[in-house]
Amino acid sequence: MNRFGERFSFTTFGESHGKAIGVIIDGTPAGIELSEEIVQVELDRRKPGGKYATARQESDKVEILSGVFEGKTTGTSIGMIIYNTNQKSKDYSNIKDLFRPGHADFTYHQKYGIRDYRGGGRSSARETAMRVAVGAVAKQILNLIGIEVFSGVSFLGGVGSEDDLDFNFAKSSEIYSLSRKFEEEQKRAIIQAKESHDSLGGTAVVKIKNSPIGLGEPIYYKLDSILSEAMMNINGTKGVEIGLGYEVTKKSGFENNDQMDIHGFKSNNAGGILGGISNGEDIDIKVHFKPTPSIFLSQETQDIFGTPKEMHLKGRHDPAIAVRGSVVAEAMARTVIADMLLLNMGRRAEDLEKIYGKK
Amino acid sequence: MNRFGERFSFTTFGESHGKAIGVIIDGTPAGIELSEEIVQVELDRRKPGGKYATARQESDKVEILSGVFEGKTTGTSIGMIIYNTNQKSKDYSNIKDLFRPGHADFTYHQKYGIRDYRGGGRSSARETAMRVAVGAVAKQILNLIGIEVFSGVSFLGGVGSEDDLDFNFAKSSEIYSLSRKFEEEQKRAIIQAKESHDSLGGTAVVKIKNSPIGLGEPIYYKLDSILSEAMMNINGTKGVEIGLGYEVTKKSGFENNDQMDIHGFKSNNAGGILGGISNGEDIDIKVHFKPTPSIFLSQETQDIFGTPKEMHLKGRHDPAIAVRGSVVAEAMARTVIADMLLLNMGRRAEDLEKIYGKK
Amino acid sequence: MNRFGERFSFTTFGESHGKAIGVIIDGTPAGIELSEEIVQVELDRRKPGGKYATARQESDKVEILSGVFEGKTTGTSIGMIIYNTNQKSKDYSNIKDLFRPGHADFTYHQKYGIRDYRGGGRSSARETAMRVAVGAVAKQILNLIGIEVFSGVSFLGGVGSEDDLDFNFAKSSEIYSLSRKFEEEQKRAIIQAKESHDSLGGTAVVKIKNSPIGLGEPIYYKLDSILSEAMMNINGTKGVEIGLGYEVTKKSGFENNDQMDIHGFKSNNAGGILGGISNGEDIDIKVHFKPTPSIFLSQETQDIFGTPKEMHLKGRHDPAIAVRGSVVAEAMARTVIADMLLLNMGRRAEDLEKIYGKK
Amino acid sequence: MNRFGERFSFTTFGESHGKAIGVIIDGTPAGIELSEEIVQVELDRRKPGGKYATARQESDKVEILSGVFEGKTTGTSIGMIIYNTNQKSKDYSNIKDLFRPGHADFTYHQKYGIRDYRGGGRSSARETAMRVAVGAVAKQILNLIGIEVFSGVSFLGGVGSEDDLDFNFAKSSEIYSLSRKFEEEQKRAIIQAKESHDSLGGTAVVKIKNSPIGLGEPIYYKLDSILSEAMMNINGTKGVEIGLGYEVTKKSGFENNDQMDIHGFKSNNAGGILGGISNGEDIDIKVHFKPTPSIFLSQETQDIFGTPKEMHLKGRHDPAIAVRGSVVAEAMARTVIADMLLLNMGRRAEDLEKIYGKK
């Protein structure tokens, strides 16, 4: 089931070390500016490489194959493809019968009885490049009405701050750190993990600004519910919070309720969502990523025959998936909002009259 | 969008103070034992009433209207209904133009321009009774192959324990407390909140035992992703964690990876899910509920014309929605597993041969 | 899979001789006038009874259980129910182990291993009452923008005309005949079939007027494709044609193409649909119904053990299902158009700007 | 909405004269033999070229990009692509502002405000190559349990026979004619149409043999309903019949009912489907195609500004789309059956026990 979304939806294919990865996007309104350059900008933010990420060098050059004509979307399905150029499949031949701890090798093998073991195959985070490509299209839709989505990393290996969330700073930080104060310490934590052949967990934060009131479709396509699905679906996520999140469990109702005065809401503990519908305040999401499971320390595992084995992984891996994960989380947030914008049209009789004219 | 699930799916209707609430369940295999008594047992666990819950007295007597013949399911859609018998709509007439803080009144009004204001209408947690009814049907399916689902409350108002999770104790606890040690203190916290006209947040925990390996459909219908959607969809949820959850952000890869020896996995930090697919270990979910928004202290709000107003709520409300929320979370977990069991059939060519016979 | 439609969708439950039949409608815009009376008007057109239909006397009194508040839809799911009041289950006890020829008894039994044999259970056309109820809601949506849907019967037992399609006459005809000229002969054919304990096939015609241009979602939710699905789904349908239908196979391209002059299309062979999208002309659909399979002549069949048996059916049945089938076809056409109206919103960037305001 | 199917589903992209056309297939069971050669065999049957078809020369060489590993499907999504190599876009530059009669130019333009006018863009039948590619994958699934699907052309320009349906002969006929007797006359009709710069309508027939009993999901995913949707969705279809089809309207119930004796059904008027579920008999479908709208006679039309224009089309087109349409219809029938095979698993409690083992 390789499809996400209802009205603005997408379907992906592709394995880490196959020929290519690709996506088909469905539901993009006609008449929106789109080009490979626009998509590439977002992809480059997620691209592997650099001191703090995997050494795998993928140019991740996207091609648009359909759905765009003379620089504008046509309302038809948009096909995009990225050919894999730097697969080092040999890196994996020695582990083809081993289950890498923390990876999906075991479960794919047990479920399907066959798997493309090279780089995790379909379960690899490489697929998330397509999510970022889709997010770029969603961004063009959101731009029509001025919705902005930001992201960054608040914690890495326990280092960081709940409150120091500078989304502009994050844009230019090599590790998308939200904290000018903690960025250096976070970088050191990454380097230290790398040098000890280990990895780090971390937390990404996404903020959606200027959302119209009314997004989210009760009661089984609520905005928070689908955002949560989208975030938990990203490789390595183990927790999702909206607004105050976990902290609400320690609050009283009086403390937690966002009261209103003449200017509107006096606080935003709810994170911009009430009853699964956006209330016009900032939508705040926290996404908790586990440490990269691919580490280079000796680990105990089994092979596909159930025999215990010692495993010494080699290869190229991000020491902290939360860093690039934040870019993916931002993209997924955009696709959810684009979907909700379309679904919300037709919520009232007057919407139909606006589009079709009154009888 | 009032439907949840793909193969085992359900659609609900009904407002808090309307004539009735109901559900249609789709995809139940034929030949499963089902009766109103079986469903009622689960509903009674969620039923309002008692010292620690709302004073609203609903008998919540379910009727099965279709899909069952001579005590067995027939494979056709199952209609169930609960008539509302104890609606005190007058309780709400004085607040029909006011937005209750922390409630969906504001967002429903802004989205639709019209709403059934009585008891929150469609946004009321009363609808969750139908989720529990569906969970009862899912339970019958899970029983076929021995899957068990447990739930309880670990924290209320900050009181509780991460580790003391006694699911058997929770079954008989009036507040579904998982902790024999903290139950009394948790009860006191509830009473104290009630007496101060306020409310408490809390955390529910769900554990799924004996799940087969292989549940979850990559890569956009992953088990953790859909569980997260299901949990975040329950009224009042603000955070969801799988396995170690938030704690993984502080772990190194080596600490977090579940290594294997000859007996299988040596730990279960992953909470039973790898790459979105069940690995045969216990599936562990934490669900964080906000404090009940309906409190009886004076609060600032607006009316539907944007005029600031002081609000003094009256009515009948749970002081801690996490308590009954845990029953709903358990039910939703069951529906997700039932859905995944059906979706997983056909994952391999040999599945078709098992059902249809080899050519 | 008891759900139909994407954005305006509905799910039904209920067996012919169970407690009740019902429906949940999803996606109705808020603010539309709706009442039980409005729905009842349509149901009464489908109601059993009369000289030319089954003798089963069902009052078919609908109740709206949710989704409507103070006479208007609220945007939430609409639950409707009709209790079965005139089930004569005893009529069926003698045939519980027999497969009625032309009925779904055999296939339900083989598929599910269990079935509610009374009156065909779930496979009974009794369920179509709910489709008509949904059609009544769709009609209220279509009224907003002036779309009208008509239906009637063109042929019964081979009697009728392709060209004499008087939809106003059909409204008042007891057998919904489209032909003032052939109505009497068609009535005689029904009576004759009834008296010889046999039944008649027939053709229903649906015409949709004032459809906006642009309905239909390429390329797998085309308007003609979904109309065809909807029509073929009605009990007893064996053929569907759009526009000229079958006749196009004998035309040349030049004869068949609808050319345009300054006033628009010069002909409407296409039946109002080009490339799966409405072109603003009348949408014309023909639906071919088989003769009622329940006849009272001796027939050969098997019982559930595979033993050949002679069958002498008793009971109450329409001699020609096409008559009431035309009402169902009209209702289904309305639901498809309502769905397409909602799906079409968002086809262009400017639609979003109309609803949300330009940035 | 570029997706078709539920469990075995596919999504396509691509315009007639864009860079490429492609598909993502979802839900293929793991462990099925698949290769580009296997897919190419089917594509070659649909390939343009030859005396009786369009002169467009496309090699239609398919590449599989994912989902297959070492010759077997892995259960993950299958990406396939065909690059367009022989686009003569210049052929279309002179008609970019004109609506070709009988084509979707008008409706796409009106709906989206922008369109890729080259060769019909997304509305071109070129996209059906991907349906044939999907059908090749479905064929591998159907082979597992011995289901066979045949197709051919029964009528062209009114020439042919209802009864002379020789599916083996059709395989080797250049025009897939089902009639040894009428083939020559049909060929002459094509040539004659071609020479007079006009085109022909026709009828394709599909036969499904060895279907298991029980396929089709009541009551809104009935086998006949979805087959009808699938067929009506093919470019140029204006009518669909199941079994006797239109002829049933002239039959009495006694004549039409398929009675049973000790050997099973004595006739197959129903075309293998009762109540929307396969009954084990041959499934018979007729699909009526309009004449190719692209003809080379002078026609009246409008341009995009509403000005009447005379149109003289040039280009390369099939004189009778029914010929290649029959291959597409066969492929679509296969995808529907593959989907239904998967959906039917889990219809009974014992199915779960067969797959998961009894408790």
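Should a chain be cited, it is by its letter among A, B, C and D, assigned in written order, with residues numbered from 1 in that chain.
Note that a residue touches a chain if its C-beta (ideal position, glycine included) is under 8 Å from a C-beta of that chain, and two chains touch if they have at least 3 such contacts.
If you're wondering where the values come from, they're calculated on a predicted model, not measured in any experiment.
**Q** Please work out which of C-D and B-C is bridged by more C-beta pairs in contact, and write that pair.
**A** C-D
**Q** Taking each chain's centre as the mean of its C-alpha atoms, which one ends up farthest from the centre of chain C?
**A** Ranked by distance of C-alpha centres from chain C, the top chain is A.
**Q** Whole-Å distance, chain C centre to chain D centre, using C-alpha means?
**A** Using C-alpha averages as centres, the distance is 26 Å.
**Q** Can you check how far apart chain B and chain C are, centre to centre, with Cα atoms defining each centre and the answer in Å?
**A** That pair's centroid distance is 37 Å.
**Q** Where in chain B do residues touch two or more of the other chains?
**A** As it turns out, chain B has residues touching two or more other chains at 1-3, 12, 27, 30-31, 75-76, 111-113, 122, 218-219, 343-344, 347-348, 350.
**Q** Chain C touches which residues of chain D in the complex?
**A** 1-4, 6, 12, 99, 101-104, 106-108, 110-113, 122-123, 127, 155, 157-158, 193, 198-203, 213-214, 216-222, 224-233, 235, 237-246, 248-262, 264, 266, 270-271, 274-280, 288-295, 297, 299-302, 306-308, 322, 343-344, 347-348, 350
**Q** Under the touch definition given earlier, write down the residues of chain D that touch chain A in their complex.
**A** 1-3, 9, 11-15, 18-22, 24, 26-27, 30-31, 63, 65-67, 69-70, 72-79, 81, 111-116, 121-122
**Q** For the complex, give me every residue of chain C touching chain A.
**A** For this pair, the touching residues of chain C are 7, 27, 29-32, 75-76, 141, 143-146, 212, 218-219, 341-359.
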